[in-house]
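Paired with subunit B in one complex and with subunit C in the other, subunit A is shared by the two complexes that follow.
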Partner chain A sequence: MIRRKRTQAAPPDGPEETFEPYEEFRRIPLPVYWIAIALAIWGAVTLWDNAQAVGVGRQERAEQIEETPAAALNSGAQIFEARCSTCHQPNAVGVRSAIPPLAGSRFVAADPAVVVQILLHGIDGPIDVGGRTFDAHMPSFASVLSDAELARVATHVRQTWGGDRQEITAAFVRVQRARFAGRGAWRGGEELARVVDPALGPQPSAGPAVISAFADPAVLRLVNQGRGEAWACSSCHGAAGQGGANIPRLAGLPEGYIVKQLQDYVTGRRRNESMQTVAGALTDAERRGLARYYSGLRAPSTAKPELGGDVSRGEQLALYGDWSRNLPACFSCHGPSGFGVAPGFPSLAAQHPAYTASQLAAWVGGGRNNSDVQLMNEVARNLSDADRRAVADYLATLPPVPAVTQERR
Partner chain B sequence: MNRVIPLGILALAILAFATLMLVILPGIQIRTEAPTPGLRPYSEAELRGRAVYVSEGCVYCHSQQPRSLDQAPDGERGWGRASVASDYFYDQPHQLGTMRTGPDLQNVGARLPSEAWHMTHLYQPRALYDWSVMPAYPYLFEVKDKAAPGDVVVALPERYAPEGKVVVAKPRARDLVAYLRSLDRTFPAPPTAVRDDGYSEQGEPR
Partner chain C sequence: MDDDAKPSPTPRDNPGKGLFARDLIYAVGGGFALFAIAAFAFDAGWLRDRKAGEADGDQDVQAAMFQPPPDSAIPDGPEGDAIRRGQAIFMNTSANASDFVGNNLSCSNCHLDGGRRANSAPMWAAWTVYPKYRSKNKQINTMEDRVKGCFTYSMNAQHSPTGGPPPPGHDVYKDLQIYMHWLATGAPTGEDMEGAGYPELEMTSAGYDPARGAQVYAANCAACHGGDGQGQYDINGRPVFPALWGPRSYNWGAGMARVNTAAGFIKANMPLGQSNRLSDQQAWDVAAYINSHERPRDPRQTGTVQEAAQKNHGGEETYYGRTYQGRLIGVGTPEPTSRARP
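Coming up: the complex of A and B.
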């Protein structure tokens, strides 16, 4: 505050010549100190908190680095339990008239190339095991297990049930992988015996080859070139229907399911503006044709866990559910290993995690409302955020849907 | 103002401190970062498209920096993993952006790989999303009587298509779409890459 210093003998008129403005000393108001101290504490706490967070993030990644080789070091028995035992049973006796046994099977005891080739490409066709004929639909593990993992599980199977002590190496698997690269599933025991190991003996024949029998040119044109605002399907869903990011994998989805989704996009029961535009531009016959095309398509998995979910929790949910949260097992409706149950239940295996998670969110948020009896709405509501990511990441580790004979034509 | 010099020195010191903490140190930290394995340089067309992206001001509504799951459900939205510094190796200047009026575009090439889709959407976003607030970019396209060979014709629903004519993409639109389709950093980030860890929490995210 500026005050005037009054000189004692101020002349009554005329300017004060001795005037000197000055400022009195005043303390900084106390609240300013408080605010400054509070800001300093806040700053310090923020720095400390940030340092903690950075430490946590670094540690998590350091653990990741250590974990990755550990996961890769899963023993053959562990891989068998996680990947094979759901169908072949933990003691490898199979399921009568559905899943062939491994114990005592000629395929397991034969040349090591047989087991490796079956793991790499899967089987789609009749095989004869122990005098019984099975209509086999074995998935291909080529895209979800590494050479080393395949070598370990093959060694485990052959040592435990084939009676052969010989170890299969990753290098052997690599050679076998290159041997028939790009081929589809083995078409039954007859082809395996003919191409891989004649010692398998007489095997039932799968009948005439039907691979790529699908050639409706109008449908292929829609897939590859599109028509007007029905942009080419493959421009987003990929040349093999493999999808990516939050674009779903279409290869191997049930035909009826695809047709229903396309209809639901048009009616708005399932909301997605781009797909509404596309589906609205298609005729009924075209929708059916495209559904048939994609349901018959087989493509290696391009999905991998990417949401940081807890994969073992996801496996738990998929296989057994969690009744404490009213969650049924995914596979109880979507089929063993998430291969889908036509026509209503889509396959989940090898689906992209961002897509699976976003659909689960859409069931809750109302973006998707086309489930019969509101089944999925209820399930999705009971899934926590972390569970959603866990199950989406787990499903991405599964091998893609194997070939299905009923779709042959 | 009888203490000009101390005040001036203090002000400069504060400025210098901020510059050191916000510019120089982070600069030193990321200077030695190599491109993320899997990242490729832009092609010529993509670089031209990048210039269009900059000049059209896309950055004012679209960020290019997906957040970690500790901060936002960007991964579940399909926007991709949290970005790391080395993802921007070939971006000068980067287009990080701060506003999310529209979705993040760091991985739009993985999420929306269709060229034809982008053409329709750039010409008239309302043709696909009737609620979209994104501006239309008709001046990146031209309306012709007939498409010449080699033209990229824009697929449009009937009510947005000019009567009896075709909409064709100009080179600028084609470059822009080439750039957008190149935005794909879905490859994994090395665990040692420099990144924002400021929100990591102990245990499961959230």
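Coming up: the complex of A and C.
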């Protein structure tokens, strides 16, 4: 290669007959050999080293993934701590005027079907607990917990705070799961009292049903068919905006956040070849319409830990951070349970680990530079590779955000 | 190409051109070789991995200070239960001590990392200096007295369901104190500890100015605390970022309402995870901007604001009792009708 360059570097500039191929007689200078040899050694060592690392990594991941089923067999109390306490608090007192307490709640002491139905479908409307009204959005755990896990955590909650010794079985949960399969969240205490257990007593009404079907046909056409360079969103992000692998889940991301990302692809503050093409082909109104569409979508979680990260370390980072490395908790900005804080802080729950990890790498590598006050650049820089995989895998275990459309908010 | 020692076999218009090409090849090739060696050294771990951010200046400073025990070291039994209750109050004050909290703040909003973080008024350093004399109330204060002050001012207890701080001897004090006591496990008594309180910033030559602070705020704080300083809430109305002024923030009697205290806290701790990002000047200015806004009244005020300013705020760096932009500061904000998000 170097020889060819030399030939090109000295083209015959006189007439043809005076041309002499004098390079043929000149030796290649010694330093060029040294350089070539150094590069060859480096290449060989790097290839070998990479092959080793990939092998070791694969083995480690396989081992860790094998351990996961054992870790999943935890007690109801452990599931409560991991799944419920971020909102309801470890002592189940809730959060004033936001999250209802479980201790002494009529919902916990009622028919066992009530707790199980709430866990399976979530709640989306006002409920009365202890004389106070909470108008909150609880996620559905149907896609992230098995029947056996739901049974254990429901039993724990009812035994600890409902005063009922009866055990809820996985079979009971299975029946409850089939009972209202495919329905959305419960629309407040009034619907639960009417459909599941009248003993819940008078409950506040959720008001008239909101039309949840998204009406704008132009936006739906973009989502499903696309237009020219604006390829159909669903062709990569899935029919329900659920994403997959390194393609992000869009369902439930804040509207303002999605609009900003699309703009940032255009300005180059965020880089991705496909998305730059697509975002550039959309008008401002279309970006807003799509953001509105996806922000209100609820889709079951399709994310699973897949990077072999240490999920308990990931949980630690998400809930408490690691101040010895100058890392604040993820949830101190992205909200409890990683549900996000509109408009600036996206929901992280149920996001695909490969995507989360790739973004954390992009904050460091410069592929993404659109964080306010460089918050994410700093965080990503302080995360080790193992921590990135750990936190990405943990976030994939969380229930999806109970997305709220602007109308319902 | 052409060597000076050997005359060129062909007549050349520009013999310098070849020399340049050779130099270029050497330079680029040498560069590649150096890069390869360095990359190899980096891979093999001979160089320190900067990516993982192992050694930021601030982390070194933090690591050199007292290290409180981790949560996993909380003992079992009744004492451990009380420590956990105290920790729960500390982290989620408005729910676990709801009768005595009149705003949307928690202890952990200003004492970061659950009261562990050095230079963020850590509890392990506070525990060892009480009881002590405080000029704020001109008497010896026990830790209970001190915590009562936190509820009265920082948690704005006057607008709480009971209208005041926990009564003397209340379990809230006991649980919080045993949590602090446990955090201070192994800490020396009666010694000044490094990382105690908030750092004291020296006044800059330019002084502080809310107008300059407004720009600092917009660039560094508004993303989290909101352009209007009222914090931000999640979909369930749960506070994620605390309000910095207005009816759901600390009142005029709180230490954080002083410009110098806020400046020290901000410099050392804000934006979260980016200690010392702001210059001293920026910290002073933005603290002045935040604390020149109205907030709940000082509960000690009995007469006029000016009288209260003289009696309780003499010699302080505060906007309380001053007139700024034609407005008397310190008159207070109305009691919120609901404790939910605005």
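Keep this in mind: the second predicted complex is superposed on the first by the 333 of 409 C-alpha atoms of A that agree within 3 Å, B and C clash if a C-alpha of one lies under 4 Å from a C-alpha of the other, contacts with A are read in each partner's own complex, and residues count from 1 in each chain.
Here, a contact is a pair of C-beta atoms (placed from the backbone, for glycine too) under 8 Å apart; a residue touches a chain by one contact, two chains touch by 3 or more.
Keep in mind that what you see is a predicted model, and the values were worked out from it rather than measured.
When the two complexes are overlaid on their common chain A, residue A:S235 makes contact with subunit B while staying clear of subunit C.
Comparing subunit B with subunit C, the partner in contact with more residues of subunit A is C. When the two structures are aligned on the shared chain, A:A199 is found in touch with neither subunit B nor subunit C. In the superposition on chain A, A:L375 contacts subunit C only, with no contact to subunit B. When the two complexes are overlaid on their common chain A, residue A:G226 makes contact with subunit B while staying clear of subunit C. By the touch criterion defined above, A:L47 reaches neither subunit B nor subunit C. Of the two partner chains placed by the overlay, only subunit B lies in contact with A:A357; subunit C stays clear of it. Subunit A residues 385 lie at the interface with subunit B in one structure and with subunit C in the other.
By the touch criterion stated above, subunit C contacts subunit A in their complex at residues 1, 8-13, 18, 21-22, 25-26, 29-30, 32-33, 36-37, 39-40, 43, 51-54, 56, 58-59, 62-63, 84-85, 88, 92, 94-96, 98, 101, 112-114, 116-117, 219-220, 223-224, 232-241, 271-275, 338-340.
Put simply, subunit A touches subunit B in their complex at residues 50, 53-54, 56-58, 60-62, 64-65, 226, 228-232, 235-236, 244-247, 273-274, 277, 281, 306-308, 310, 354-355, 357-358, 361, 385-386, 388-389.
Looking at the complex, you find that subunit A touches subunit C at residues 2, 5-6, 9-10, 13-14, 18-20, 22-23, 26, 29, 31-32, 34-36, 38-39, 42, 45-46, 49, 87, 89-91, 93-99, 135-137, 320-321, 323-328, 332-333, 335-336, 339-342, 344-345, 364, 372-375, 378-379, 381-385, 401-402, 404, 409.
Taken together, the subunit B residues at the contact with subunit A in this complex read 69, 73, 75-78, 80-81, 107, 110-117, 120, 127-130, 155-157, 186, 191-192, 195, 197-202, 204-206.
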